[in-house]
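Both complexes shown next keep subunit A, but they swap its partner, so subunit B is in the first and subunit C is in the second.
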Partner chain A sequence: MGVPAIELQSVDKSFRKNRVLRGLTLQVETGRTFAFLGRNGAGKTTAIRMLLGLLNRDDGSIRVLGLDPQIDPIGVRSRVGYLAEDQTMYGWMRCEEILRFMAPFYPTWDHQLALQYARDFDVPLATKIKHLSKGQNVRLGLVLALAHRPELVILDDPALGLDPIMRKQFNRDLITHLQGEGRTLFYSSHLLYEVEPVADEVAILDQGRIVRQSETDALRRDVKQIVLHREAAAVLGETASVLHRRDEGQESAVVVEEAPGVIDGLRREGVEHRVVELNLDEIFEAYVTGNNQDQEPKTATTLRVAGDA
Partner chain B sequence: MSVLHTEKDTDMNSVWLSLLWKEWSEYRWKLAALSVAILVPPFLFTAMIEANSLQVFIHNLMGTLFSYGFLAGMFLGMGVAARENGVGTTGFVQSLPIPMWKAAAAKLLVASVTAATPIVLLIVVSYGCYRSGFIYVEDMNHFFAWRNVDPAVPGAVAGWFLSCLLAAVFGTLSLLWWAAALGVNRSDEIRAGAIGFLGIVAIWFCAGYLLYLSDKYDLRVLQEGLELVTAAAPAGPMSQFNPSFPWSYTQKPTYMSIVFSMIALIGHAGVLGWFLFRFGRVSPKTGRGDKLQSETVVAGSPKAPFKSQLTAIAWKQMRETGPLAVLALPAILAMSGLVVWTASDEQLNFSQIFLQVGASMSFFVVLVAGIGLYLDELEPGLNHFWRSRPNDFRLWFGIKYFAGILVLVTVLGIPLFLAGWSQWSDTYNREWKELWGGTLFGAWFFVITYSLAMTAQCLVRQPIYAVVLTLATMCLGVFAVSQIDVKPQVSVTAVAVIGMILSLAVVIALAWKTVKHDWGWKQ
Partner chain C sequence: MFLRIEKGSAVPISSQIAQQIAMLCASGRLKPGDRLPSVRELARELAVNQNTILRVYERLVHDGLLEMRHGQGTFVAAHAHSTGLAVHRNRLVEELRQWARQGLALGLGPEELHELMNEALQQLQSLATAEKEVS
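Moving on to the complex of A and B:
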C-alpha cells in the first residue's frame, strides 16, 4: 500500500482555553471516499484548516499526500482541491475571470478542463460572482477545486445552504463523478443520510475526538439497536458497549457496538429481544448524543418553553 | 409568558430603542476613538511648538477641526452608506418587519451624534483652557482683530468659540449626510467613499469655478445667488458660522442670513430624504444567478489564463484600485488643470490654493486606497479563500502593494508633481534643490500615508478605526521628529532620508507580519 492521502496522529489544537481537537487520529487511504462527520462545532473545519496548513497544530503530526502542511503548505495546496463551506470569492470578478486568475497558482491547472467543468456544472461564465445563486457558487467553487486535477479533494460541508434537490444532485452526480475518476475524497458533513450512499469509510468526530472510524458497511453491521426488557437492558449495559439507551415503559431501546456478538449472547441466554437496523444518521446520533446526554434535556426544555411563547 | 422576555428586554420594547441600541453598540467605540483623535493634536502640536500661546493653539485648533470635519464626515458617511452591504447584513435588516427608512434614520442619527460629539468636546475643553488661563493669552486684540472679534466686548470670545463649534458641527454633518446619500447602497465602504468623494468634489469644483467666474467678470447678482446656493452644498452650512468667510452671518444682513439658512435646510432635507428613501433598496448580495443560466457561454472564444502569479495578482489589484483612482482622476485633472490655468492669472492666486486642494484630495484618496488594499481580503470569507490557495505570499503581498501604489502614482502623483513643477517654474529664484527636496518629501508622504493606512486597516480591520490609527501615528511621528536634535555636523538631509526609508520599512514590515500571520482585531 502506498502513502496514505491523509494521516493525523494525536493532533491537539486549542484556541486559548477552548480545546477544539483532542488527540485526533485518523488515516485516509488513497482512492477512498472518506466522510468526516460531526456536529457543528465538533472541530471538523479546524481539522481541515490544519490539513491545508492554514492553522498550526499544538501537538501531534499531520501528513497530507506525504507532506507536512505546516512545513510545506504551498506544496499541499498545489496538490489538493479544496472547497470551503459557504466559500466566498471575489464578487467583482466574472466566473470566467476567476478561472483565468486562479490558473497560474496551480502548476497542473488545465484550463480546458476548467472550462469543460464549468459547462458541465452549468456555471454562468459571463456572470459576476456576486450575482451567483448559492448553487452556482458551490459549483464554481468545485470547478476551482478540480481544474488542476488534484490527487486529493477536500470538501468542507460543500452542500451547506443548497436546497434538498440540489444537495441530492450534488452527492449523486458530483461525488460519483469524482469517485469515477479515482480521486481521494475527504468529505466533511453533518448530514449523514447524504454521505451514506457515497462514502467508503466514515469517521465520527465529537468534541474534538474521533469516536468511531470504520468502513460504512462495517459500521452499519456493527452498530444496531436492540429493544428488550428494561431489566435485561440494565444488565446489558454492564457487559456491552452501549452508545445510547432510551427507556419507554417496560422496554428499553439500546444502541450497541459489536452488535453481532451482543445479539449472539442474548440468543444464547434466551433473552427476548428485537433488532432494529439503523441508518448512518441514527448511528451518528447514537455516538454523539450518547456522549452529551446530560445536555439534551436542558436543550429540549429550552426549546419547549420558547415554543410556548 | 415565555422565558424569552426578561427585564432587559423591556428596556428595548420599541423599534426605535432597539435600532438605536444596535447602532450605539456599533458606534460607541468609534466615538471614543474619534474623541481621542480630535482632542490630542491641538494640544500636542501647541506643546511641540513650545509656545503655549492662544494664537498657536487656535491655529492648531482650526487645523484640527478642518481635518477632523472632512475625514470624520467622509468616513462615517461611507460607513453609514455601505457598511451593512459590506458585511452582508443588508438582507437581515431588510427582513425586519420595519420600514427601511427607520433603520436608515437610526443609523444616520447615531453616526451624526458620533461625528458631532468630539467637536463639542474639543471646543468645550479649549474654551475651558482659555478661561482658566491654561493657555497663555498673548496679544489677543491683534489676534482677534482680523476675525472681527473684540475681546473687550463681554461674550465676544465665547461667541467666537461658539461660531467655531457651529461651523464645525454643521460642516461635518453636512459632509456626512452628503457622503451617505451619494454612496448609499454601494457594495462596500470604499466604493461608497469613492462615489461620495467624487460627487462632493464635483459639486465643490462647480461652485468654486462659478464663483471664480462671477467674481472675475464682476457679476454681483450671480455671485450673491451662488453664495446663497452653496448653503445646500456639502459642508456649505459651515460658511454661515465661520466669521472668516465673506458670506457669514456676521458680514451679511439678517434677511440674507435667513435665506441662507432656509436654503441650507431645504437642500439638506432633500439629501436626507434621498438617503432615507434609497437605503436598503437593493438586492442582497446573492440570488440573481438563477435568472442568469443563459450566460454560461462567454461571447467569443474564452481568454487564455494568466501566465504567472505576478500578472494575475497585478491584474487583480489594478482592477480593485483602478476604479477608485479613475473616479478621482477627473476631479484631480480638473483641479490640476485649473491650477495650471490660473497660474498665469495674477488677479487671484488660485494656483497655490488649488495645489493645496489637490494635495488634500490626494491625501484622502491615498488614505482610502491604502485602507481598501486589504479591506475585503481580510473579511473572514475571502481571507480564508485566498489563504487556502497555493499562492506565494511574498508575491501576493508585494505585487498587491506595488500595483496599488503604481496606479495611485500614475493617476494622482504625476498630475500633482506637474502642478508643483508649474508653481516652481513660476517662482523668481528657482532652486533645483527645492524642487527635488519637495518632490522627495511629497513622494514619501504619499507612500507613507498609503502604507500606514494599509497597516492600520490590517490591524484594526474597520476603515474608521484605520483612519484614526493612521492619523494618530502621523501625529506621533511629527511629534517625535520635532524632538530630534540634529547636531550641526550631521547632514539634515541624510538624517531625513534615512528617517523616511526607516519609517517606510517599519510600517511595511508590520503590515507584512500582520497579513502573513493573520494578526489584527477580528470582530
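Moving on to the complex of A and C:
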C-alpha cells in the first residue's frame, strides 16, 4: 500500500476548556476519494487545519504524505492543494491576476494547466473576484488548489452554498479531474446524499472522534433498521451492536451494525422481523444522534468507535 | 442510454444503475452488440464515482448481461434480453411480495389481493385499447 496519504493517530485538540478533538484516528490511502462527514461543530475544520499545519495539536501524531505538518508546514503545503471553507480572495483582483499572483508561491505551479482548468471550470478570467457568483468562487478556488499538480487535494466543505445544479457540476469536476487523474481527495461535507455518489470511503466524525470509517457501499450493506417485537429487541440489544432504538407500542425499530449477520441470526431463531433499508442520511443520523444533547435522551444507544468495525 | 439516479434513496446507487441497465436489456431498448458508454463517460454524465460504474459493469458481466471486449469497450451480451428478463423477474417477485405483505397487513385476504391485481391489469388493458382508438 505504501505510505498513506493522511494518517492521524489519537489526535487531541482543545480550545481553552472546549475539547474539540478527542483521540481522532484516521487513515486515508493514496488514490482514494475520501469524505469526512460530521455535523456543524463536530471538529472537521479543526482537523483539516491541522493537516495543513495551520493549527497545532495538543497530543497525538499527524502525517500528511509522510510529513509532519507541525514540523514541515511548507513542505506539506507545497504538495497539497487546499480549498478552505468560505475562502476569501482579494476581491479587487481579476481571476486572471490572482492566477499570476499565486504562481510564484509554488515551485511546481503550471500556468498553462491553471488556464486550462479555468476554461474547463468556466471561470471568467477577466472578471473581478468580488463580482463572481458563489459557484464561480468555489471553482476559482479549485483552480488555485489544483494548478501546482498536488498529489493530495484537501477541500473543506466545498459544496457549501452551491445550488443543486452547481453541486452536480462540481461533483463532475471532482470525478473527471481528480479521480480520473488518480489523485487523493479528502473533503469534508455535511451533505451525505451529495457525497454518496462520489466518495470511495467515508468517515463519520462526532464529538471529536471517528464513530465509523467504511467503504461507502459497505456501510449501506452493513447498517440496517430492523423492526421487531419489543422483547426481541431487548434480547438483540445484548448481542448486536445497536446504534439507535426507538420503541412504539409493542414494536421496536432498531438500527444495527453488521446487519447481514444479525438478520441471519434472527432467521435461524425464527424471530419475526422486518428489515428496512436505510439511506446514507439515516445511517449518519443513527451514528450521531443519541450523542446530541439538544434531543431527548434515547434508550439503549451504544456507540462503537471505528477501528473495531 | 438514459439513466436516472435518485440521490438519498434507500436503494444504493450501484443497484439503481444495475437495475436500470437490466431493464433496458429486458425491454430490448439495449440490443445485443450495442456498445455502452465507457466507464469514464458514464461516470462523468451521471456524476458518479468511476469505481462504482466499473463495479456495476463487472457485476453485469458476471450476470451475463454485458461483455467486456479487451481494448474495445463494454457491449450488450448475446442473451442479454432473456437474462435481463430473469433478473427483472426476481425483482418483480420481491416487489410483489412486499405488496402482498402490505395487503395482508391491511387485513385483505388472498382473494381480494388477486382481485386488485386483476383490476389493475384491466385498467392497463382498457388504457391501451383507448390509445389505439385515438391513434
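Going forward, the second predicted complex is superposed on the first by the 288 of 309 C-alpha atoms of A that agree within 3 Å, B and C clash if a C-alpha of one lies under 4 Å from a C-alpha of the other, contacts with A are read in each partner's own complex, and residues count from 1 in each chain.
Assume contacts are C-beta pairs under 8 Å (C-beta built on N, C-alpha and C of every residue); 3 or more make two chains touch, one makes a residue touch a chain.
On a predicted model such as this, the values are computed, not experimentally measured, just so you know.
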item: Which superposed partner A:His131 touches (first subunit B, second subunit C, both, neither); value: first
item: Partner chain in contact with A:Glu96 - subunit B first, subunit C second, else both or neither; value: first
item: First, second, both or neither for A:Ile226, with subunit B first and subunit C second; value: neither
item: Touching partner for A:Leu21 - first (subunit B), second (subunit C), both, neither; value: neither
item: Touching partner for A:Thr176 - first (subunit B), second (subunit C), both, neither; value: second
item: First, second, both or neither for A:Leu65, with subunit B first and subunit C second; value: neither
item: Per-residue contact with subunit A, leading partner among subunit C and subunit B; value: B
item: Partner chain in contact with A:Phe105 - subunit B first, subunit C second, else both or neither; value: first
item: Residues of subunit A that lie at the interface with subunit B and also at the interface with subunit C; value: none
item: For the subunit B and subunit A complex, residues of the former touching the latter; value: 1-5, 187, 285-290, 292-299, 302-309, 311-312, 315-316, 319-320, 376, 379-382, 384-385, 387-392
item: Interface residues, subunit A side, partner subunit B - complex; value: 52, 54, 73-78, 82, 84, 86-93, 96, 99-106, 109, 111, 115, 118-119, 122-127, 130-137, 302, 305-306, 308-309
item: Interfacial residue positions of subunit C with respect to subunit A in the complex; value: 5, 7-14, 40, 43-44, 46-52, 55
item: For the subunit A and subunit C complex, residues of the former touching the latter; value: 33, 168-169, 171-172, 175-176, 179-180, 192-194, 196-200, 216-217, 220, 276-282
